[in-house]
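Labels for the chains are A, B, C, D, E and F, by order of writing; each one numbers its residues from 1.
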Amino acid sequence: MRPSQRQPDQLRPVRLTRGFTCHAEGSVLVEFGATRVLCTASVEDSVPAFLRGKGQGWLTAEYGMLPRATHTRSAREAAKGKQSGRTQEIQRLIGRSLRAVVDLAALGERQIVIDCDVLQADGGTRTAAITGACVAVHDALVGLVAAGKLARNPMREFVAAVSVGIHDGVPVLDLDYAEDSACDTDMNVVMTEGGGLIEVQGTAEGAAFSRAELDALLDLAELGGRHLFELQRAAVHGG
Amino acid sequence: MRPSQRQPDQLRPVRLTRGFTCHAEGSVLVEFGATRVLCTASVEDSVPAFLRGKGQGWLTAEYGMLPRATHTRSAREAAKGKQSGRTQEIQRLIGRSLRAVVDLAALGERQIVIDCDVLQADGGTRTAAITGACVAVHDALVGLVAAGKLARNPMREFVAAVSVGIHDGVPVLDLDYAEDSACDTDMNVVMTEGGGLIEVQGTAEGAAFSRAELDALLDLAELGGRHLFELQRAAVHGG
Amino acid sequence: MRPSQRQPDQLRPVRLTRGFTCHAEGSVLVEFGATRVLCTASVEDSVPAFLRGKGQGWLTAEYGMLPRATHTRSAREAAKGKQSGRTQEIQRLIGRSLRAVVDLAALGERQIVIDCDVLQADGGTRTAAITGACVAVHDALVGLVAAGKLARNPMREFVAAVSVGIHDGVPVLDLDYAEDSACDTDMNVVMTEGGGLIEVQGTAEGAAFSRAELDALLDLAELGGRHLFELQRAAVHGG
Amino acid sequence: MRPSQRQPDQLRPVRLTRGFTCHAEGSVLVEFGATRVLCTASVEDSVPAFLRGKGQGWLTAEYGMLPRATHTRSAREAAKGKQSGRTQEIQRLIGRSLRAVVDLAALGERQIVIDCDVLQADGGTRTAAITGACVAVHDALVGLVAAGKLARNPMREFVAAVSVGIHDGVPVLDLDYAEDSACDTDMNVVMTEGGGLIEVQGTAEGAAFSRAELDALLDLAELGGRHLFELQRAAVHGG
Amino acid sequence: MRPSQRQPDQLRPVRLTRGFTCHAEGSVLVEFGATRVLCTASVEDSVPAFLRGKGQGWLTAEYGMLPRATHTRSAREAAKGKQSGRTQEIQRLIGRSLRAVVDLAALGERQIVIDCDVLQADGGTRTAAITGACVAVHDALVGLVAAGKLARNPMREFVAAVSVGIHDGVPVLDLDYAEDSACDTDMNVVMTEGGGLIEVQGTAEGAAFSRAELDALLDLAELGGRHLFELQRAAVHGG
Amino acid sequence: MRPSQRQPDQLRPVRLTRGFTCHAEGSVLVEFGATRVLCTASVEDSVPAFLRGKGQGWLTAEYGMLPRATHTRSAREAAKGKQSGRTQEIQRLIGRSLRAVVDLAALGERQIVIDCDVLQADGGTRTAAITGACVAVHDALVGLVAAGKLARNPMREFVAAVSVGIHDGVPVLDLDYAEDSACDTDMNVVMTEGGGLIEVQGTAEGAAFSRAELDALLDLAELGGRHLFELQRAAVHGG
């Protein structure tokens, strides 16, 4: 049995609250159970130096965790003076995932900066962040269209992410912290609405995993993805 | 007339939401109008090196602002690799303010770490942070008493803070961002429930200010303080 | 009785030595008793990026303390790789204080950089620094007028600063280190020759202070300020 | 056709040179075609703080690239004062991969530090590094057994890694730089001799990839892995 | 007797391997016995800011040591976030030494960046680095001439360096690590083919040294230099 | 003729002012003409980690330059967040020079920290610093003897330093800034009272220099050294 009493293929309750803060062009609070991440998308009228004058846009992401988002307080990265390797891995993943679904040429010479800040952590912060950031970026792009700055929304399709893992020998969907800590294999899967895979990152925490286990995990992830895309669409249409 | 249509001596709507996040021993979302700051208090069972073995506790604070808490995105301090002078000034002020109302000897060899993170900024983040942090620390201390780790709550009285300033020649209470940017003189006052002053920080942004103006500002601040203490007491008793 | 045998309203011997070093456009050694701060003003022909092309000047300050300016050696900030929060607070205060008395538009697109380096510390280094920096900036500006680069001196009036505090229950002027360490309340006041207040920063070190105590301290500070302005004028005229 | 004229399922010439430098307990130069990485394993008699007194060992890795290992010179990380996100991702991956095949309890309270330094880069530096580091760690552990410090070699099986990708629509094995830059999908697979998977990291560089493509890539990677394990065994036995 | 059984005036076997790596415009592996340093010269089409528009070139150097180049592992400078004072001294010395033999005006507005990375250390890494870097820079300059970018090679003469020291009372040439650690006086001498001195850096490790000892050491260094110049010429002609 | 009208073998006026600041155990203002360096020696009751428990002492040095010690303002190292390579070279040289004349075993488990801060620069700051630091350390050691903490002064002899160079083809002693900037060869020589050499650092700024020139420079340096030792002795006896 899962610690949360969920079925193996059951997501935690997922909520997407748009307009959570007022200044950003897109601002979404995403919740996967007790995991809560504030995702904002900021539109900037310039691009990084390596793209200047190339007529295309860019999209990048930063990730942070409030010091007491976790069970015990973790040191503030701004005070330590550097971002951990984990933070950098996650923010690079978020940026790649969103760039994969946005037509950067159609965006023009602008940059979207995504900030994903974890207010409360209970496992799966990176997958929640990608799922929420997608809606925040969508809202920012809709705003550019509404303002007449873009002819059409350059986001081709939605992107969402979910974690899967093998817990007590059973493949399970959307790990919370209790499961994540006790898991043998842990995989994050980033998918598109159209059924494509953007990133597959599977890691053996203890023993190696087999091809058969990998397949079972991918099946679960696709199932979870379908549910997340429905929630993203509902959030956007109900907004 | 004030940009917000408020009377000169009128606070913005102030809200204190306890238990905003689940892991911290004290967790309060404080809102002064559109300014929203998450204040958490974490209890740690050790003290900084300079206090080890002296039989007393310590209380310190850190402050941060999410990159898109502001009108235009500001760079993430963790990514820049250092905290700005402004950030350091504010976190030192929060720490001093709370230490002034807690009996550190009665706290024993423990440390309370306060984190004040601005989710949305509209002026007065440091005064909101102090006002909210007081309740978060209170809750953490009540928890220590409940757990039998302390015989009594070592917080002697509440502390609160408010900004005042001279806007268009008129002394006004609790500046929002629009007023703050246009202000000649700006003052932050940290007060105790018992009517004492903890910190008075007045700054002429343009022309110097007079003793008479200083007096008018302090009167307003005391008025605001009385209202804030009522709200803190209501929050704690209604919690 | 004060540790230094001074009357409550008595400044330490204050000396302002102009031309203490030879390269800077303004160079003043300021002494408040045993506190000795070297203040230099450097004229640069460019302004920070945020002011470029706006036709106005800027004035900024940096502060440092030699490692053995203090009773026990403190670590060199250049070796530690960062400036402390205290250093940043002080240099921001010095910059704001001087900007308040200089007409930045009349300065033209130039920057004055003030460096205040403490050679020997005995309390009140920030107030000594402001008082000395005022004369150093004055000298640099007089030099620009003499060189025909400015039509008139853009400093509107002198600025000076002094600390006051409540020591053993008695309000006293110009705290030395012995008093500062033992003080209940400590306040730094930055004033202009014309009687205006630029900054008032009062801090309760232990118990809170009352409005009456605040008033007594401000009276003392104004008294001290009048004396400092006389000394600044004498230094400039006797130079 | 591949730029290198190789068959889709053909590795580049792989060489493992043991004892490449003389001081390290294990020192291997690994070459995957023109990619050359020096992997050293250093034995230290202490473990990181979080493991002290737990009776188990640790294994960690660091990765670097000489500034002119690449086509155009890249800035030296030591001079920039920080390691890039890419460097940190790679060194975390190397560490995890090797920890997966070493019995840390059997290692005792010692640490193996792996250094992988790229002398010349032509794609696939991280997979070459893992493959080479495995032999270097093996040699260091054999040395501990020979010295009587360990009863048996705590490495359970070999670990190796290879990249695969979809180039011009065709799944290919072991990408060189020319292919890597032009690739739609890129995957790094870390495997054990026993056929288990340790890490699977697939990334869509442009369009998303399908489950069928993922399967084809994993098949290729397993094929490459079998060849790499033969080379590792030959290197160790021929040494 | 020397630990290495060499005569007092005998160099270790010196090897210069050109084209050791493939991307750099000049790439030389230099070996002084067991000391092995990879020296690359990279040509860049811009100069540092302080030289822009002055119609002359520049040449600079960076130095590093792989963590396990030494007997016991030393911390990676990129991970520590800064280069040691020793590293900076050495790279400044290498840059000055090479600039002394290159006509910077004839180089045009380009920069040569030298990287000297120690793969294996056994004393004398800085002198090996200078000796090898000279050949790498030579090769890069010959390449510019061959590409028609320069009319003639702006290197005026070769530069080489060797260490000398007083070991057990005897002046000896080209110290290895065993001698270097036990040496009373240690001197690095940088010389030109034409017999001139570029740098003389003598240091008493224990007792002071006399003028007579200094003279004996300089004689030995000149002898060593003549041999090194022969080897450089042979390497370049045989390449 | 020298810019300063001095004879080739003439030092600038040298002054050593003891007790320049009040807190340090040794505090000397050293002036070589317009070059003014404040040298303090601080006694600490512990040694660096690598010497703990070995029953011997240590002596280390730090060097800094006030931002406006120079003709044009140089950036403050504490604000830049790191010390330059030049600063580190100089402070390492000062430390080595003083350690060469102090019996570290006789010092016991204590550390002397020397701080050399340049108040005004006109060439030769490092040689002035060594010469002044010697007196500051002497005073600190005399204090330890006077306090009964040491049986005898562990300084074996004085150490002093002077620069020499070839200016307009003429070997000259004690270069000021005007000469230093125009110099072909520049050498710093650190000597002991007993006539020994501690450090010889000669650098060709343009053309290489010959053995004959080196000899002439060393002769001048020895002459200058004899004068400096007289001044040090006079300072100490007259104190």
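Following the convention adopted for this analysis, a residue touches a chain if its C-beta (ideal position, glycine included) is under 8 Å from a C-beta of that chain, and two chains touch if they have at least 3 such contacts.
Because the structure is predicted, anything quoted here is derived from the model rather than measured.
K.L.:
Starting at subunit C, what is the smallest number of hops through touching chains needed to reach subunit E?
P.N.:
2
K.L.:
By how many degrees does subunit B turn when fitted onto subunit E using C-alpha atoms, rounded in steps of 5?
P.N.:
180
K.L.:
What's the distance between the Cα centroids of subunit B and subunit C, rounded to whole Å?
P.N.:
The answer is 28 Å.
K.L.:
For subunit A versus subunit B, what separation do you get between their C-alpha means, in angstrom?
P.N.:
A distance of 33 Å separates the two centres.
K.L.:
Can you pull out the residues of subunit B that are in contact with at least two other chains?
P.N.:
81-82, in rising order.
K.L.:
Name the ring's chains in order, please, starting from subunit B and stepping to subunit C first.
P.N.:
Read from subunit B toward subunit C, the cyclic arrangement is B, C, F, E, D, A.
K.L.:
Any idea which subunit E residues touch subunit F in the complex?
P.N.:
Going by the criterion above, the answer is residues 82, 85-86, 88-89, 91-92, 96, 100, 187, 191-192, 194-204, 207-211, 214, 218.
K.L.:
In the complex formed with subunit C, which residues of subunit F make contact?
P.N.:
Touching subunit C from subunit F are residues 21-24, 27, 34, 36, 38, 40, 42, 44, 62, 64, 66-73, 76-83, 87, 113, 115, 117, 119-121.
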